[in-house]
Amino acid sequence: MSNVTIRNIKTICTAPAGINLIVIKVETSEPGLYGLGCATFAYRHKAVRLMADEYLCPLLVGCDVADIEDIWQIMNNNSYWRNGPITNNAISGVDMALWDIKGKMANMPLYDLLGGRSRMAVKVYRHADGGTLEQVASNVKRFMDEGVGHVRIQWGGYGGRGRGKRPEGAPEGVYYDPDQYIRDTVGLFEYIRENVGWEVELLHDTHERVPPIKAVGLAKELERFRLFFLEDLLSPEQSDWFRIIRQQTTTPLAMGELFNNPKEWDYLIANRLIDFIRVHISQIGGITPARKLMILCEAFGIRTAWHGPGDVSPVGHAANIHLDMVAPNFGIQEWAGIGDRLSEVFPGSPELRGGYVYVSDKPGLGIDIDETAAAQYPCSEGVTVWTQTRLPDGTANTP
Amino acid sequence: MSNVTIRNIKTICTAPAGINLIVIKVETSEPGLYGLGCATFAYRHKAVRLMADEYLCPLLVGCDVADIEDIWQIMNNNSYWRNGPITNNAISGVDMALWDIKGKMANMPLYDLLGGRSRMAVKVYRHADGGTLEQVASNVKRFMDEGVGHVRIQWGGYGGRGRGKRPEGAPEGVYYDPDQYIRDTVGLFEYIRENVGWEVELLHDTHERVPPIKAVGLAKELERFRLFFLEDLLSPEQSDWFRIIRQQTTTPLAMGELFNNPKEWDYLIANRLIDFIRVHISQIGGITPARKLMILCEAFGIRTAWHGPGDVSPVGHAANIHLDMVAPNFGIQEWAGIGDRLSEVFPGSPELRGGYVYVSDKPGLGIDIDETAAAQYPCSEGVTVWTQTRLPDGTANTP
Amino acid sequence: MSNVTIRNIKTICTAPAGINLIVIKVETSEPGLYGLGCATFAYRHKAVRLMADEYLCPLLVGCDVADIEDIWQIMNNNSYWRNGPITNNAISGVDMALWDIKGKMANMPLYDLLGGRSRMAVKVYRHADGGTLEQVASNVKRFMDEGVGHVRIQWGGYGGRGRGKRPEGAPEGVYYDPDQYIRDTVGLFEYIRENVGWEVELLHDTHERVPPIKAVGLAKELERFRLFFLEDLLSPEQSDWFRIIRQQTTTPLAMGELFNNPKEWDYLIANRLIDFIRVHISQIGGITPARKLMILCEAFGIRTAWHGPGDVSPVGHAANIHLDMVAPNFGIQEWAGIGDRLSEVFPGSPELRGGYVYVSDKPGLGIDIDETAAAQYPCSEGVTVWTQTRLPDGTANTP
Amino acid sequence: MSNVTIRNIKTICTAPAGINLIVIKVETSEPGLYGLGCATFAYRHKAVRLMADEYLCPLLVGCDVADIEDIWQIMNNNSYWRNGPITNNAISGVDMALWDIKGKMANMPLYDLLGGRSRMAVKVYRHADGGTLEQVASNVKRFMDEGVGHVRIQWGGYGGRGRGKRPEGAPEGVYYDPDQYIRDTVGLFEYIRENVGWEVELLHDTHERVPPIKAVGLAKELERFRLFFLEDLLSPEQSDWFRIIRQQTTTPLAMGELFNNPKEWDYLIANRLIDFIRVHISQIGGITPARKLMILCEAFGIRTAWHGPGDVSPVGHAANIHLDMVAPNFGIQEWAGIGDRLSEVFPGSPELRGGYVYVSDKPGLGIDIDETAAAQYPCSEGVTVWTQTRLPDGTANTP
């Protein structure tokens, strides 16, 4: 109990790098004391904003900012039906902001508040793709030259080279052929290992684009290339297939960016069916549940690899990295880079140096937002279609 | 393919009986042809409306109304992150409306379209509570006199008699004592069986209010009263405890009104850990997934008992009952009653006669909405607090 | 309920392409309104006809055609002992005809009635065999030139090159040597991958001709050729061996043309022991159970590949393809081709164009029968012997 | 090899006791040497006759009668699709007749041929029912007075007292209420144990009339009455529920009269989920598979209790009892009695003396048929409706 209370919850939507970001600012009864949290669900930003403005704000005004655990439970249960991407992101915005406030009140960076550093800095993986094998190889080498030891490789976009072929008269969407993609991916790894060598840790993201038994086969075929991990091999609904994969191959498995319900991860962890938990922290409801998830994974020998591409705000990246600093079972951090415009809107953003990312040592999350700058980059309002992936015959294909 | 397309998606919020209801109207390119669907998430109606108006409507205008399966997949995947109560309810509104349209185009009641009747009418259970044991018994007898064979009993509200005691200085919320509740509930069943007899099927809803091992114990203690089912004994997050319950008692188990993610139910069904699936159909995304779930359950000997209290719109009730008419594995239907005001706003609502409910034989769902009447009952805007349940020491207690 | 009733059930046996086909015509109280269903059990057509004429017809005359689910249950239970190839085929004939009638009454193609299209067209696999490796390769290439992307290959007939060698004095039957067959099959795949390449999806059908542990070995040896699937590897009685196969190899497994009892498939699906369900739809009792099976498989990540050779009538092919159009988890369709004589007897038969098959858009199944033409091709009455497979020492070998 | 061959296969249909019986007579190349087998599928006798006359007879004429195992495999595989009630009964007729012939050629009763007697005589259970508890008790006592130690009890018919109530306007069928039936059955056992005592082994047949979880509950509630066994508690499709029953109660379980496919029994036996195998021998294909099944059960500590009511011909009863004489793991024999008319048509029928049944010591099955007498009792041609069981709301209820 602190006698500092929540005075207002404010939602800021901004898209400095072209991707819609949602950041929540919790303002307190203490003048000048506020916290920031990431609530980014890029494709439904208006719904998240409404949830925060119309439901969480009136619910929480007057609550003591110290009682994060109780507030999290109240937010989670208030609407009776819970979980899901919109609810969880709004909750996350408030939850992270409360942790930010607590850090500021303690005058400590969040990682110190959470138990202190387990490491000096946070190693990252970068993403290298290209239209040709040569381009991918050249991009991998460029990262290696920059000191990055872990590179995720892709030939073409997600779904592979076939991507983009749209049959005549077929509905809009991203068309691709899972079989060509698999052949290409095995070929890609052969090429990279032959031409770039073994002194780099390689990763790959299938983005849930292959049917289950093909996923088992792909994991097994890639075993000989000794991946650091193979990412998002199965849709959450079909994750029980990891049991079959586990019987046949040692390819390390990372999973979870789509997760927003505890039943999606609990059995994967308790049965050691994956090796890296890769949730998007705001999707599961913020730092409070992520910290518990990280601790649960530690008990089962599973490491962290929080989701960290451009659809996470710099505030969310800062939260990722504070947790990374603390976790004994930290694995790796996805890192897509924070460009100039983003850094300008979010002063104090984490920074990459060599293959490591560093978080600010200022109290709390150590990051701020320039609201005037943010307002210059309004969110796009249209409905996205990149998610409409289809097979060559036109079948919608659940990622 | 029908060459009839979606022209508009319109959201209607109304509260004729004091509970916020959300109904979606899908208007087509065919003059006068439209469908209705239930999208009721009573405690977040504004978020569901925004999802339908701002995201689903622009996404779907121009789609062929015949392609329900494809449209459902597109709705489900469009935002990449999926499931959860807001997304699923909005999807349900559109999905049910498309089935309503298909029924109208086929000139068949929905149950005929889905394969035809398995029974004459749909048996229901009613809810009897009371502040004293005598009151509960008297309410049970009243239902029996009306021809109702299945009655759910409760002493006090959910959480039992203790409900409402709020310790001084404690935050707002519903306070209750799980131990007193359990003692009272066993006592209630003893009283009812002694005073009302065995010629009535009794049910009970624990509303996830007891810790897991107490839940196991309660199920076991109640076995001798031969319940028709014991409902919502565990929170979705703790449903693996059903494995332990299954080893110890034959009390039939019903579960699911909180479910909004397939991983919450898949293992319960595949392992036969429950006996009745009790989802709120709009919470899981409408008729398309509910029909699949009902068929999945049939394979495992599990029966249906769709959620049907006042936080389901009459349109949703009609959808429940059409599925009930068809399912070989129909179990029972929860029925809270549809009063005069609701019937006036929703002409063609299902009707109770004796212990059975009857659905309209008109094409599609067979129910309509009087939008002028609906507009007279605006939704309440406040934030609910009934969900804030707490133990006597103030602990927030996840339902 | 439609007040249209079953007036007569008529069985038509015809063999336009030399294979006995059985089609059931359900005539209704509505003049000119009838439906067709496939009841083809090629080797026992007289028994199926008797079942329909002597038992199902008197049982069902007067039933309302709308109540398909109830009628299916009644047909299934009427003789107390149920399942099996004769009973199920007769039931299928009536069941499909009732769905055909429902589609006609709704004025919709069956795929629209069942939920609408999931794809533009239905991709197929064709069968390429040959006495020499060169012939097989040349047949594969021919299919590829026609736009077919999936080809099932076989050296010789089922059982391989050895087929046909009959030891002196031995009883009639097909003689073959499982060991030679396995060696040949591995050699065949090596030859085809080397000479035809990897841009074609290859399949293989073992027709249950090898003992279990050899089957495990064959699946494992073929893994490196990345099959689309390996078909009917084990007899239904020995399908528990799939558990062992699943621990050792990622070769995708298709199973089921022999199935006619739910206990043959339930555990394979619930334990994800196969990847494609390949039942002969009329063998399991028609569209009603096939639709449920398809939905059951969807929940477990298993795809459909309905049995579709020449011992399915064009009416049965149409039913296959309507389901294929709807299933989100459609995998592939076996396609043996419908020649001129068959098309003449069955106007409106599905058509192959490129590697895809297209079904008629007319109401119901969209296919008709010319009974006068059908009568010109009477069924053969003899008893088949091709099924009498024997090992070189004369042992009868259960497929 | 015997050089005696099959000359003709003849089907005899007769109904001396009002139930359709099918007996197959295999005539040989040896004048006067023939065998009899039971092929009784009472509700589809015309289909079984056709199968034998049109398919098995032309297939087998000329085969050596000594090669039973080979002939059985040929019969089983000849139509490719196999199992099911019609195919198996026809096969059984031939199979039993071949064993009868073999016994005659060896000049030995069948039990001697199969390994010799394990016991002097075969103990049976009888069926006692009644409209009142007093009547049931009196019928039990009557059997006890006759020396019968095992009695199966039932209040009313299958489905209990409620049987026969047909709601107005409801379709034909047997209506019953599972819940009333369960309450009554527990009451019946209480009454019989109190009024008749514990010196009689009691059995009960649920005839698959209750939903799975109620079946679990019934087995558990009956535990305290120490049943000899509880029979046919679950439909074959839902037999996996025996796993749950096995965790909760020691009530001995008998199962199997509906079985006609090996996948219905294999896992029940291998996992020791039942205690008595109760198949109708002709339903599974005759003595050849029944002898193997009996041996399989021995390995797992499971006993035999072959199905033996009036829908088994005296020839089938004789086969049951020959196997009973031999099996070390014999459990009990169901016995409905063979009246005068039946004995007249089937000279040499087994006879009941005290609580034991005795089989003839003549060679082979030891039973004959008087074809002239048989012809006086033609089979009824109508379609049965007793199997159309329905719940009070009209739902067809799969036995």
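Letters A, B, C and D name the chains as they come in the text, with residue numbers starting at 1 for each one.
Note that in this section a residue touches a chain if its C-beta (ideal position, glycine included) is under 8 Å from a C-beta of that chain, and two chains touch if they have at least 3 such contacts.
Because the structure is predicted, anything quoted here is derived from the model rather than measured.
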| item | value |
| --- | --- |
| Chain B and chain A - chains in contact with each | C |
| Superposition rotation for chain B onto chain D, Cα-based, multiple of 5° | 90 |
| Relative to chain A, chain with the most remote C-alpha centre | D |
| Centre-to-centre distance between chain D and chain B (centres being mean Cα positions), rounded to whole Å | 45 |
| Mean-CA-position distance for chain C and chain B (Å) | 40 |
| Mean-CA-position distance for chain D and chain C (Å) | 33 |
| Approximate Å spacing (C-alpha centroids) for the pair chain A, chain D | 63 |
| Shared interface positions of chain C, touching two or more other chains | 70, 73, 118, 262, 266, 328 |
| Contact graph of the chains (line, ring, star, complete, other) | other |
| Contact pairs between chains, per stated definition | A-B, A-C, B-C, B-D, C-D |
| Complex contacts: residues of chain B adjacent to chain C | 1-2, 64, 66-71, 73, 102, 105-108, 112-113, 115-118, 262, 266, 270, 288, 291-292, 295-296, 298-299, 326, 328, 361 |
| Residues of chain D that touch chain C when the two form their complex | 41, 43-44, 46-47, 50-51, 54-55, 58-59, 70, 73-74, 76-88, 171, 236-237, 239-240, 258, 260-264, 266-267, 280, 283, 382-385, 387-389, 396, 398-399 |
| Chain B partner contacts - residues on chain D that touch it in the complex | 167, 169-170, 179, 182-183, 211-214, 216-217, 220, 237-238, 240-241, 244, 247-248, 391, 393-396, 398 |
| In the complex with chain A, residue positions of chain C that touch it | 118-123, 198, 201, 223, 226, 228, 246-253, 272, 275, 300-301, 303, 328, 330, 356 |
